[in-house]
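First chain A sits with chain B, and in the next complex the same chain sits with chain C.
Then we have the complex of A and B:
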């Protein structure tokens, strides 16, 4: 039990980004006592320079890491979107600048509107499903009962199976004629018409969303369960003494105490979901007739199937901009909430 | 204080989450070391995507034998098919291209366009006696850049027992195909299966219908292409002789359906023979893709891989690499590679003899002389046209638009 807690607590804060925190933290300014004699000041200053140098040296690895693995790809991708970047570029190194041409091309393409709407529906739907089911399961597993630990570790399964594998299995399950789901639905007389989960334009997006929810539940359960462990038992005891019902305990104790964790789960969820590629490629490849095409899959298609890396990058940048927009909204909302 | 560290932490988390995929995609693998002489003999690096047996071993033997003939050692790398182009692009930018490179034929012009390949006439190699479509695929701006020893295409497989049961002969025209498919459809068995997903595999399956009816990829918004698409719509939507699942089936899925008896006929290629032959109770045969009308020629798409000599800068090695490419394309190798890999020789003179050795191959070999390469007309612009084609048939098959309308919309992007 302890290791899950540990896992879930460290997961959102992660270790690499600590470097980012260090970069931004201002160096503590040593208070110089007023009216000191000059040699002492000099010694103080040389000490200060040395300390500065040491501080800088500590920063270097983090800065190099950030520039190499964060700065460079983002800048490169940003620039690529203004270039005619094709297969030829890889050999000749020539990528002519074409201004906003790539952006104009991807935005005016007939697929863009559809992909944008699909991206929003997919993200909102997936997050809602993952979160509600994840929270329900997390609250459920807070109770003590036999096999709790075993069941909870089984819940991690979707997370542990490679996506290519689970994608292939889901394709079988969701097959129109012989899929397990349709066989079940027909046998139980819920739906006898054999709906085409992956082949009907009205169901394909729902189907990929369902699978994505299934994949996302372990993440949500793990982190929310970790958050629940941090809520002191006394609060529930106090609530019980006050005569709070089960729902009231959740509404007035669990929910407010869990809010910081909830916001982390939701923001990470959005960032993870908005860029989902493998699930969709594995299940429907964006089809049928673009019914499950998202900005991420379209960007992949442009870059790696049509080899138009410039347009792919432009679409990728639009996706990053949407993620950033969401991140900023979240940060501001969060700040306001704490201020109140 | 709590607030600021929290938001810094949150920012950091977000930053890292956003950065990670980018960072990972930025640092792909790099090419291997170029083989140099260790004991005097030259080592040539060969890159291909035959990474599964039996193909892997068959090609290994053929390449090594050719290496021996050219007096060089071979260091061969076989990568998964999907990652070959990415690998080639990385090697092109880091100047670590192999000495001999295999490419899927529709990719050749794309890579030749970059300037990374050497025209084969430099080494005195020409493509005399090869089927025209095969040569077209390996030619960029009038110059031959690759030589393809074996090719493949798609034909119509049928289950002999099922056809005999309802008294249907293998269809030769579109009308016959519709009637036969309808008759063969009953219960959970469909009359026909093909692969129509939203990718190039789907386009490849649609091409024989589109091309045989006079359709052309330069402009798909034509009545000829619309008629071909109408046939698919009739088969799947009107007659329900083809499962709607075909919209999401790969050709391997189609083969599974056929093998399991869930489809009486299928559109597929000769590479499925080993899987089908493994089931002794399955009796099947292959005919040409049905023609729009009786006697009309079939224009099927050509598959298979072409062998090239990249610009490595080492003249001596390039000359030896050219010898290997030439050797792989010898009559003897074309026949033996064809027989061992269920593919078809590309020299038209060899076709007759080859077909007589395997009756099931005949359905395919008959189509080779008139077959076309996907990139023969549009070259490096083919991927865009291929995307339009699958976008159109997916829209029509899902009922989003009529065939004519769907093709118009796709053509206009």
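Then we have the complex of A and C:
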């Protein structure tokens, strides 16, 4: 240590003057390992260059990837929305600029209002269902009982299997004539009419939402359970001593303590649900008669079924705008809540 | 710690614990019924479109032989794409995680914020733009094309959870490894990576699952049967009128195997990944 100090004290005067500006800069001591004396300043400079270089080396591939696969698509999509794409565009390479024509076309299309309402209903319904059931299960699993851990990890399965698998399985379960659900409902005389879950315009969105809730429950349980585990036991004991009922303990201890986790779950939920595609395409393909069409699925249909990539892009941009709008509203509301 | 329930044997006498276990099993049975149904139907003899029995009493592997015959190639494609995505994602994400965790990058916060924001970008927007770019670059219907696109799920996730782990490695440990003149690369490979084993395994498992489960890019970035992941194979199965649900469900079971294996074999890593999902 002493040697070290000695070195850094003598360094500025001891080193040969080479480029006054460099020499006079006070060398922020420790970086160079002790014992390697010679021209310290240059060493420090080259050390810094090497650090910069290392940072670049390590970080640049990821930055390039993120720019290419997230940045580029957003910019490209933004531009595509102003262009006229058709089935021949990909042979001729011609996609003339048409200003706001695509936006005008998608917004005035009869599907748009339906898709917008469906997106909101689907997102709000899915989140509400997942969250309420997820929270109830998380509270339940907080009790100590045998096999608790095993049951909780099995619960993850619906979330880990591919979404399109869930779609295929539910499609058969919800089948109008031979599906397991209708057979169960008929056998128990709850509903004997064999409702067409996926084929009726009034039920399709509900069915798709139900399946999406089923898929989302495990995530909600896991995160909320983690949040519950972090609430100190003493708070509950104190509440019990004060004579708080079960509901009061939940209302005045659990809920306020859980709030940060709740916002994480809800925000992530909205961000992910708003762009759901696999589930809807697998179950109903947006039908019947657009009854379960959302903005995301409609964007897919425009681009990849009708090969109107311009309109698909416009709708995709509207979806991003809705996401951003939600994020801003959320951040504002959150700040207000914090201020209070 | 409540003193009453801490008494040994307390539960066994009164049995409230097992009561909850029963409730838990009932809840699980309801929630996992669709998965039971998938397995049940997959084991039924062919053509049982009308009224599948509630139990697979007449076991038949017809569904599986059809599924493997028709989807075997697609399963192999999925496997190659998923493994490729794991390798590619970790190659990109692990160094970046190290830089963000330990190298005092000036714009680290900007990069992290960009990663979080990237999660808001809908897959369909990415697919839309990639289709045109892939068309120009000749990457449509190619395994590398799918690997690159599928990694959009794995790379941000891997960077976040590996970084979170690497910030906990003491600077002194890494510095110690660099005293002998070893550069960042050596320190990274010989010290940081081995120490981050668990985080890397978790990242690898989830990256595999993400790529294996990918449907959107399979749907949009392939147009022929040459390169077709099993998720798309399943979708084309159910896209038309289905008269042989046991083959469809057998395919569904085969497509679920990675998830099931991971849950059984690597449960603690899965648990680690799901909780860090909150960071994402």
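Please note the rule applied: the second predicted complex is superposed on the first by the 260 of 340 C-alpha atoms of A that agree within 3 Å, B and C clash if a C-alpha of one lies under 4 Å from a C-alpha of the other, contacts with A are read in each partner's own complex, and residues count from 1 in each chain.
Going forward, a residue touches a chain if its C-beta (ideal position, glycine included) is under 8 Å from a C-beta of that chain, and two chains touch if they have at least 3 such contacts.
Just so it is clear, the structure is predicted and the values come from calculations on it, not from any experiment.
When both complexes are overlaid on chain A, the residue A:87 reaches chain B alone and has no touch with chain C.
Between chain B and chain C, C contacts the larger number of chain A residues.
Within the superposed three-chain model, A:47 lies out of touch with both chain B and chain C [touch as defined at top]. In the superposition on chain A, A:74 makes contact with both chain B and chain C.
Contact with chain C, but none with chain B, is seen for A:180 once the two complexes are overlaid on the shared chain. In the superposed model, A:63 lies in contact with chain C only, and not with chain B. After overlaying the two complexes on the shared chain, residue contacts for A:306 are found with chain B alone; chain C is out of touch. Applying the stated contact rule after C-alpha superposition, one finds that A:165 touches chain C and leaves chain B untouched. In the superposition on chain A, A:255 makes contact with neither chain B nor chain C. Of the two partner chains placed around the shared chain by superposition, chain C is the only one that A:233 touches, whereas chain B remains out of contact. Overlap of the chain B and chain C interfaces on chain A comprises residues 69-70, 72-74, 76-77, 90, 171, 178, 264, 268, 271, 275, 285, 304, 320, 323-324, 327.
The part of chain A that touches chain C in the complex is made up of residues 33, 50-51, 54-55, 57-59, 61-63, 65-66, 69-70, 72-74, 76-77, 80, 90, 137, 140-141, 143-148, 151, 153-173, 178, 180, 183, 214, 217, 219, 222-223, 226, 233, 237, 261, 264-265, 268, 271, 274-275, 277-278, 281-282, 285, 296, 299-300, 303-304, 309, 312-313, 316-317, 319-320, 323-324, 327. Interface residues of chain C facing chain A in the complex, by the touch rule stated above, are 1-2, 5, 16-21, 23-25, 27-28, 31-35, 37-38, 41, 49-52, 91-93, 95-96, 98-100, 103, 105, 111, 114-115, 118-133, 135, 148-149, 151-152, 155-156, 159, 179, 183-185, 188, 209, 212-213, 215-216, 219-220, 231, 234-235, 237-239, 242, 245, 248-249, 251-252, 255-256, 259-260, 262-263, 267, 270-271, 274-275, 277-278, 280. Every residue of chain B that touches chain A in the complex is listed here, in rising order: 2-3, 5-19, 21-23, 25-26, 85-86, 89-90, 92-93, 110-111, 113-116, 188, 197-200, 243-248, 262, 380, 383-384, 387, 391, 394-395, 397-400, 409, 412-413. Against chain B, the residues of chain A that register as touching in their complex are 12-14, 16-21, 24-25, 68-70, 72-74, 76-77, 87-88, 90-93, 109-110, 171, 175-178, 196, 198-201, 260, 264, 267-268, 271-272, 275, 284-291, 301, 304-307, 320, 323-324, 327, 330-331, 334-335, 338-339.
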